[in-house]
């Protein structure tokens, strides 16, 4: 089955900008993406399912089940200087290396239908300490973009020292280049503490993004929202953590002393 | 190869209800499903094989080999107020995360041929202690169903706190929603002790299911049956457990102190 | 790529019997199969490659590389009472669970071209101790075959207690049944000591097989042959063992105390 | 997605020789291949991407992202006695066993378009100690080639004792044979110390290769170049190492004492 997209409604968009905000370090991308969708009242039009997500459903309020997925929202420009948007948010990334490529290529193939030419991916960057005012560090797939976007307060200088960007935020702009998409990854500095969603980093990322997109986002409610979300996010994360542990327990039973000797002799 | 279904006979069914009972916590689903098939004298019409099951055959009485599989049975309504049934039972679920999606989508594609609109998945819910009278907790893919089925003694209230349902019972109703199938998962409370099939939990699940399906199931023999099955089930489980261990031993030889240093240097 | 068969020459065979002898416990199947090919001067006509084998080449005498593969040989009946044979031998089985199904289905699809109706798979059965006269234990995919083959000295009684047959020898007869192939697995009792090829068990398996096939096999040279092979086999096995270790070292670097805390936080 | 090649420009080559130089022991292949491309001013004409590479992008100078890939370069013969070349270099090999086959078959399929008949793969051979003058050990897919190439100072004698060649350098010549490609693997002796690129071994391999190809390569600058590269290579390797560790941490959380008991009971 791998990865597939279920389109809920046909949407016509004019030269849309693509925004990605999926789970990751400090949940910066997920928080920023989710808040953007809410503030803009963007409308869901497609869902992405993948066998590279955890094989379980999550029980929601009212005992209804929730399958892990990513969701595409659209928003139409309201005035001159704005552009149509496609926003991808969701509650999972691939749980295996190969899956990241599969999911990202599926997304890029879908974006091709909308002739997407510009992309911003939102992520966190673990810097090991909490910062009063987290920087927004930039990485891009075309150095011409550095000049274009530096004015928005993105720190491209520090980008050199990041090392790697693992998962969708990195691969989308990396593999998107070949499709002719200009891509910038906005990384909010965060402590990198696990299970700790970082609204401050998300806020800074959103401020930069709002300036670029020429939309007004009231970020004052973001902490409050995250507090509301926090319990839910923490719960999902601890569930995922537990589920991974459970599955691993099944797949990796303790190996005794005799393991080495017998290792190649199991086939009858 | 992945997953495929071998149809043993063509069957015409009228608006059938789908029931799933596969191995899991306390083997509640497997026991309830198997007992239902036996009591109704349902007829096997298809088998499902998957490369996501363990790569071995089990030796049965008479030295004949048994390949791990899932089996589809049908039962035709005998009187007004009953409906045709498709019952899926079997001795395995996927041994890797991706496989669960593959198996479940294969099942859903097959059910589409029968225009299945209603589904019940049977499972156990580990509550950490043995209960005198285990509850049957419900989860669903549509909150309208809660009202419809609450009268049958299903506890949908507690469903919110389950966390996740891993494997086929959860994914079938979760992914089935998109196919337009109304799905309810019936979870019998069980202690969660490994290798311990729980006939009491299965009995409670079956009682609820029988009421919904308007069929008469004499559950008085279930303990007895499980005792008969117990040795067989225990044997299969301990075999599977051993086989997983053996395979893991092969794939995960003990790693000495030098592992870390050399880890990236194996390619010639 | 998965698994594919490269046909070296077109062969016409009349109602051939299929024999499988691949590596496994005590290398019983591999030794018996290889000796049979040599004694009958069977001719290679196809090779099977698979991405489920180890991703390396083995250096042979003369510095030429050897890719891991399975090989199909044929032998034509010389006199009445004999039948054409297809013999599969090789130096590897799948290194992952899914691969066993993939390889076995590829073999079965290929055998279908030759309308194979009868199959014998050769394997070792670990009994924990060296036996003076190892039994040949039988497992089958059709209990009618037990009567037919019991007269050849196969112990089908003990077959019930084997538990499982992992890999090609088990799956070939298990999945072959659905294709209408009568299958018997001949398991020579062996100590199960790793890296110890067991010519005695292979000899007993071969004796039974020769009687069934009505061919004359001089098994007196088998120990000698195995001694010749032993160094080679041991070398290949210790190479495989080392290679598995090396690959695992790369893929499973030691995990420190901080692993648990950080496990879900690697995505940027 | 697996593995795919993106062609950047159409190139016509006359009976080209294929050279592979990818990362591995002592980075001998990568250094030799990269230096060859630079010295010959070979031109890039295709890129290979694979879901079997690490799922991240690397940040480069100027904050631009770099997706892991392999790259095809061509060079046209300048004078009689030379031949057109296709040179494959890159920064990754597959991170899982199956992927090696997938990548290698994708390369071989692509080479078939250029009717490649001769191939040299460049690699390091870990000998456990630093050598003043490292030998270049040869392995081949056809023993007729030993005579042809021995005069170039390749030690085919020692090739017998190598054991295995893991990854692309081995599989390319091994699987290439079936495609009718004459293949020689040139292995430079190196200490096998991890993270230590070995320019001396690469130099010796290059000298042999230059003689065979009848091209002039000034190897005097190789140490210098490697020193320049060293920081970059070390950085990439330590990043990869860290990333593998991070991903493994996610996928292999520590397993407590209860793991064994619960291992098979996670499915609801």
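A, B, C and D are the chain letters, set down in written order, and residue numbers restart from 1 in every chain.
Here is the rule we use: a residue touches a chain if its C-beta (ideal position, glycine included) is under 8 Å from a C-beta of that chain, and two chains touch if they have at least 3 such contacts.
Keep in mind the model is a prediction, meaning the values are calculated, not measured.
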- Same or different, please, for the chain A to chain B contact, judged on whether over half of the interface numbers appear on both copies. different
- Note on the structure: Relative to chain D, the most remote chain by C-alpha centroid is chain B
- Counting in whole Å, what is the centre-to-centre distance of chain A and chain D, each centre being its mean C-alpha position? 33
- Euclidean distance of C-alpha centroids - chain B vs chain D, Å: 47
- Task: Two or more other chains in contact with one residue: find those residues in chain B.
- Result: 56, 95-96, 164-167, 170, 185, 241, 243-244, 246-247, 250, 252-253, 262-264, 266, 268
- Query: Given the complex with chain C, which residues does chain B contribute to the contact?
  - Reply: 1, 6, 49-52, 54-67, 95-96, 235, 239, 242-243, 246-247, 250-253, 255, 258-260, 262-264, 266, 268
- Residues of chain B defined as touching chain A within the complex: 56, 94-102, 105, 138-143, 146, 156-157, 159-167, 170-171, 173-175, 177-178, 183, 185, 241, 243-250, 252-254
